[in-house]
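Labels for the chains are A, B, C, D, E and F, by order of writing; each one numbers its residues from 1.
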Amino acid sequence: MSLCVRNIKRADAGVIDALAGFGVATTHEAQGRKGLLASHMRPIYRPAKIAGSAVTCEVAPGDNWMIHVAVEQCKPGDVLVVAPTSPCEDGYFGDLLATSLQAHGVRGLIIDAGVRDVAELTEMKFPVWSKAIFAQGTVKETIGNVNLPLVCAGALIHPGDVIVADDDGVVVVRREEAAAVAEKARAREANEGDKRARLAAGELGLDIYKMRERLAEKGLRWVDEA
Amino acid sequence: MSLCVRNIKRADAGVIDALAGFGVATTHEAQGRKGLLASHMRPIYRPAKIAGSAVTCEVAPGDNWMIHVAVEQCKPGDVLVVAPTSPCEDGYFGDLLATSLQAHGVRGLIIDAGVRDVAELTEMKFPVWSKAIFAQGTVKETIGNVNLPLVCAGALIHPGDVIVADDDGVVVVRREEAAAVAEKARAREANEGDKRARLAAGELGLDIYKMRERLAEKGLRWVDEA
Amino acid sequence: MSLCVRNIKRADAGVIDALAGFGVATTHEAQGRKGLLASHMRPIYRPAKIAGSAVTCEVAPGDNWMIHVAVEQCKPGDVLVVAPTSPCEDGYFGDLLATSLQAHGVRGLIIDAGVRDVAELTEMKFPVWSKAIFAQGTVKETIGNVNLPLVCAGALIHPGDVIVADDDGVVVVRREEAAAVAEKARAREANEGDKRARLAAGELGLDIYKMRERLAEKGLRWVDEA
Amino acid sequence: MSLCVRNIKRADAGVIDALAGFGVATTHEAQGRKGLLASHMRPIYRPAKIAGSAVTCEVAPGDNWMIHVAVEQCKPGDVLVVAPTSPCEDGYFGDLLATSLQAHGVRGLIIDAGVRDVAELTEMKFPVWSKAIFAQGTVKETIGNVNLPLVCAGALIHPGDVIVADDDGVVVVRREEAAAVAEKARAREANEGDKRARLAAGELGLDIYKMRERLAEKGLRWVDEA
Amino acid sequence: MSLCVRNIKRADAGVIDALAGFGVATTHEAQGRKGLLASHMRPIYRPAKIAGSAVTCEVAPGDNWMIHVAVEQCKPGDVLVVAPTSPCEDGYFGDLLATSLQAHGVRGLIIDAGVRDVAELTEMKFPVWSKAIFAQGTVKETIGNVNLPLVCAGALIHPGDVIVADDDGVVVVRREEAAAVAEKARAREANEGDKRARLAAGELGLDIYKMRERLAEKGLRWVDEA
Amino acid sequence: MSLCVRNIKRADAGVIDALAGFGVATTHEAQGRKGLLASHMRPIYRPAKIAGSAVTCEVAPGDNWMIHVAVEQCKPGDVLVVAPTSPCEDGYFGDLLATSLQAHGVRGLIIDAGVRDVAELTEMKFPVWSKAIFAQGTVKETIGNVNLPLVCAGALIHPGDVIVADDDGVVVVRREEAAAVAEKARAREANEGDKRARLAAGELGLDIYKMRERLAEKGLRWVDEA
């Protein structure tokens, strides 16, 4: 038996949009450097930058049937997250499914597998982060679960968690922690503005962060070339 | 001894151009999901979309001599297909060879190895699908076969077969089947237009394809989040 | 104990700029096909084309502390070269460090690891060649060496060597050989101009390079398709 | 801040030993084909077959400090599970740590990274499943969590879950489900005995599983070679 | 529609057994260095050395149904060759299927995917060359072709071709060429015996093969260390 | 032009044998964690453990000609180190070359490429560390350098450096530093004996290395499971 869970809880829309603005690297840092998906998850076009609530979808290798089930559970502002039960790079997703998701207000797709019709997806401005671009077709024979927690590209994702994705990759933020993470990200960004200005003026990180003494203690020595 | 086969048969030009229009994913589906080259074959720039008749060229690792032999066998509308006899990512091909191919009306290169001068190739609008971008030079010491069948990136390609390549990758269509495949692709695309419109209007694939009953039979259950 | 070597020797600025113009493939050929970094070193945006003097920086896995030390050793026209002591694809480098390097006139970064903030780096026009794009943060706990010779992506690089990088990848030229290599590259490019014109006019490489006889001697036979 | 959680709950010892007997493939099937770690997790010697309670240990890249913390939390019958916060193949573990674990009755190590001293570990009969064999040393500078849930080689593992590992790889069973899974595995194995005998006698799976009709319905046709 | 072709032609049994004796490297050389499967095809135990007639079996990703169909087409002395229609490393094959194949006299399995129960297969002395060892289970929902030509691990294999497999990997010999290849392999091996004796006596390949002059012509110079 | 350098300097035989005894991990640690070759360098059989003086040999992709040149430069106690000028996994080396090397007292082969005849090499007890096992044959057309410094599997190796190789992989020790490294390795091993005994008796590393206070300072907290 498999399950499709309806009416999942989602994070606050304002928080989600704030995280989209901060982007992946800042969000990842703000939540203590956790939640990153593996580096093989790359956008099909750049630049792209979104955040949304995860609708999770487990699929069998070479079988995209459950994506059709998942579409019905998506609401405006969501991000569809698809993971196969074993490694597969088939082209589970193309322009027809993207048309359907876009019609329902979905902001993008995260799939630890392949995608196709990428020229059309690029034209439609429907962003996808995937493991591969591959035209290989899929069948519709095997069921799986929708909106149960799953591991996607090495990260645990619960339905309703916030997905942030940009040119750097993809990070997941626990729904319950999203507001706090957004707050920390805001603080982090404010702090960075000052540092950016000082670095742009030529000041060294060695001095701004007062690293020289600790480096020397660890054993670093400065010498001139012989 | 090695062979260079002259005067290979080619598919009908109109059929080839039709397949170019349909692109890789549709062509692959229309011929029963076969003939795809491995997903590591990526275009050096995007968008790019071509079709043409395969001139096949077998090369030794790190040796691009036979490409010069193959150029002479190319006619306007052809696509050069190069595969090494063992895995290699050296830069077999650059702007000089591209100039030569372009002068003979060749539409692009498919190479299961490396390519270089990609900035120049991009400017020249000479599309290449390759396994790698790598400047490593090659020698001219070892011969191979031109226009014999070969396996390129996991797909069997006969000289004169139709190569279709776009942002999704590369697919080969048997010369003898090209007309029939083009016909099926045309039917497939017509059929997709209607579905695209219904999906864009918000209708669900679950309903369009009448999947609910079969999903339930397989054991899918819909439940609300606890 | 670790060392940070100051006041390294650099190649002549005119030679460096000449090599930038020739690019990676021509430079690599001109110096006898050596010095290429591995093909996994890819630019974060294209087109990009630079040359500069290497400041070398060894880092621990997941630890970007030494990059801050290396920044101080950079002068206008330099290229920072970073290699971890064991394979790592963490995001060692982002827009703050790029701001700092740009403020000191550094032309780009070569890093056999990951980089983040690539949207910002692209906007800043700060070019990076890296093994990965990955947002994973790093710590500042372990020291390493700056401006000692190191192996980066399979190539030996001495501080002050000339780094040439473009869309084809990255090549290193020994500082002592830079002037001679630039001279050979100039000759090579002049020679190529003539060949490009003949190839563009439709002449065959087989004839330009007089290959037919040697191919036949090796055993190549031309036959018509049966 | 990081946490080391003490006194975790464990599954019943009899259930754990039963699962060890069934091995990875049967256990994986019995629990509905979930919980497998990625196929890159390979035993350092064969044959090897264990089961035990997971003590989970998160480590920084290139830093094995937390393994020392985790050792104290291990009890006889446990299996240590180590995952780095970003991909790393350094040699986190060698014969000294194995001596320590063996002294505390630990049955083996699962590590999504590298291991060294494999000749000694083989002689000691201390089994390890790892991503790599690599002598690269690690530092002790950065802390992480012990006995919090983590993702190891693509699988979610809670402390106290049952780890089953053999020549086929590694699978995790939820602690709460372990008894039920063992029961299903027992039933599965009983059923397989009968089938094995019939297959050994030359009977065909096509007939035992009555597949011919359904294959024909799907469209399979038997023909003689032309 | 899919096909299962019955009553394929096979090569002469004496020729097949002779090729088994020569092994992969010698057979590959004897037939002009073609027909090798990719180097990722590794034996699950060593030593192992077989040859047999190929029964070819195409499978969908994650679906082993067609292997059951293929078993019926196997005769004593055959080797089963399985390739998925897109890359997959699931565990398509285990001890039950091996029991069935062994009951029908099949000598081994070549599969460009995963295999499981490798401890049992090793004990049974049923040799397998595979891309991966992975316990992931498969379904039985999608049909494919048996005994049509297919590409397996980069090599084209026709039903009835001779498969030779040993610790070095796997090579395929066209059925029609098998006798001639065996003859050439015999000659090659005879020739090698003499060379082996001279090399064992300390004579240099440089002298046996008279390489010194040609090396010098190409530009090799011998110098003493400075 | 290429060079073959004769009469290279070698390290003291006693030092070399001492390093063989310490093995890769200890040697690597004793010299400050440098000199390791990449983890893809694996022994073709285990256990295997050697040390010797490096004779270095640069080869073209798919061309093993220079190995014949290198054999002449080998003396009893040497280890042959082969690296291709671009990535290649062809089978450069088999039982005939091994017979020749063994006749001259060479202790083993380190090759960042492929090797074949591994069953015979195993029987002969001629150890090889390689990137791949692959039967693909090579040609003899292109020359390279013997006994010049080269980068092999990411490590810089000078002729006459000491190579240490065992089941953990391969490490290189500068010839000039070999005696000092052996001395440090001896000290390290003596120190480890005491620790091994204490760990075997059940004492914790946390206590032996007095880690508890520093862990707490960094922010580690011990808590009981809720």
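The rule we apply is simple: a contact is a pair of C-beta atoms (placed from the backbone, for glycine too) under 8 Å apart; a residue touches a chain by one contact, two chains touch by 3 or more.
A quick note: this is a predicted structure, and the numbers were derived from the prediction, not measured.
Shared contact partners of subunit A and subunit D, listed by label, are C, E.
Two copies of one chain, subunit A and subunit B, form a contact in which under half of the residue numbers belong to both partners. Between the two copies, subunit D and subunit E, the Cα superposition rotates by 120°, quoted to the nearest 5.
Comparing contact pairs by residue number, the interface of E-F is reproduced by D-E among A-D, D-E or B-E, since over half of the pairs coincide. Two chain pairs are in question, A-C and B-F; the one with more C-beta pairs in contact is A-C.
Distance from the subunit C centre to the subunit D centre is 42 Å, each centre being the mean of its Cα atoms.
Between subunit C and subunit E the centroid-to-centroid distance comes to 41 Å (mean Cα coordinates, whole Å). Annotation: 28 Å between the Cα-based centres of subunit C and subunit F. Those residues of subunit E in touch with two or more other chains are numbered 33, 36, 39, 85-87, 89, 134, 136, 142.
Contact between chains, per the stated criterion, is found for A-B, A-C, A-D, A-E, B-C, B-E, B-F, C-D, C-F, D-E, D-F, E-F.
Residues 33-34, 36, 38-39, 85-87, 149, 151, 154-156 of subunit F are the ones that touch subunit C when the two sit in their complex.
Subunit A meets subunit C in the complex at residues 23-25, 28-29, 33, 36, 39, 42, 46-47, 49, 166-169, 171, 192, 195-196, 199-202, 204-206, 209, 211, 215, 218-225.
Against subunit F, in their complex, subunit B makes its touches with residues 60-63, 85-90, 134, 136, 139, 141-142.
On subunit B, the positions that touch subunit C within their shared complex are 1-9, 65, 68-69, 71-72, 89, 91, 94-97, 99-100, 102-104, 114, 116-119, 122, 132-137, 140, 142-143, 147, 159.
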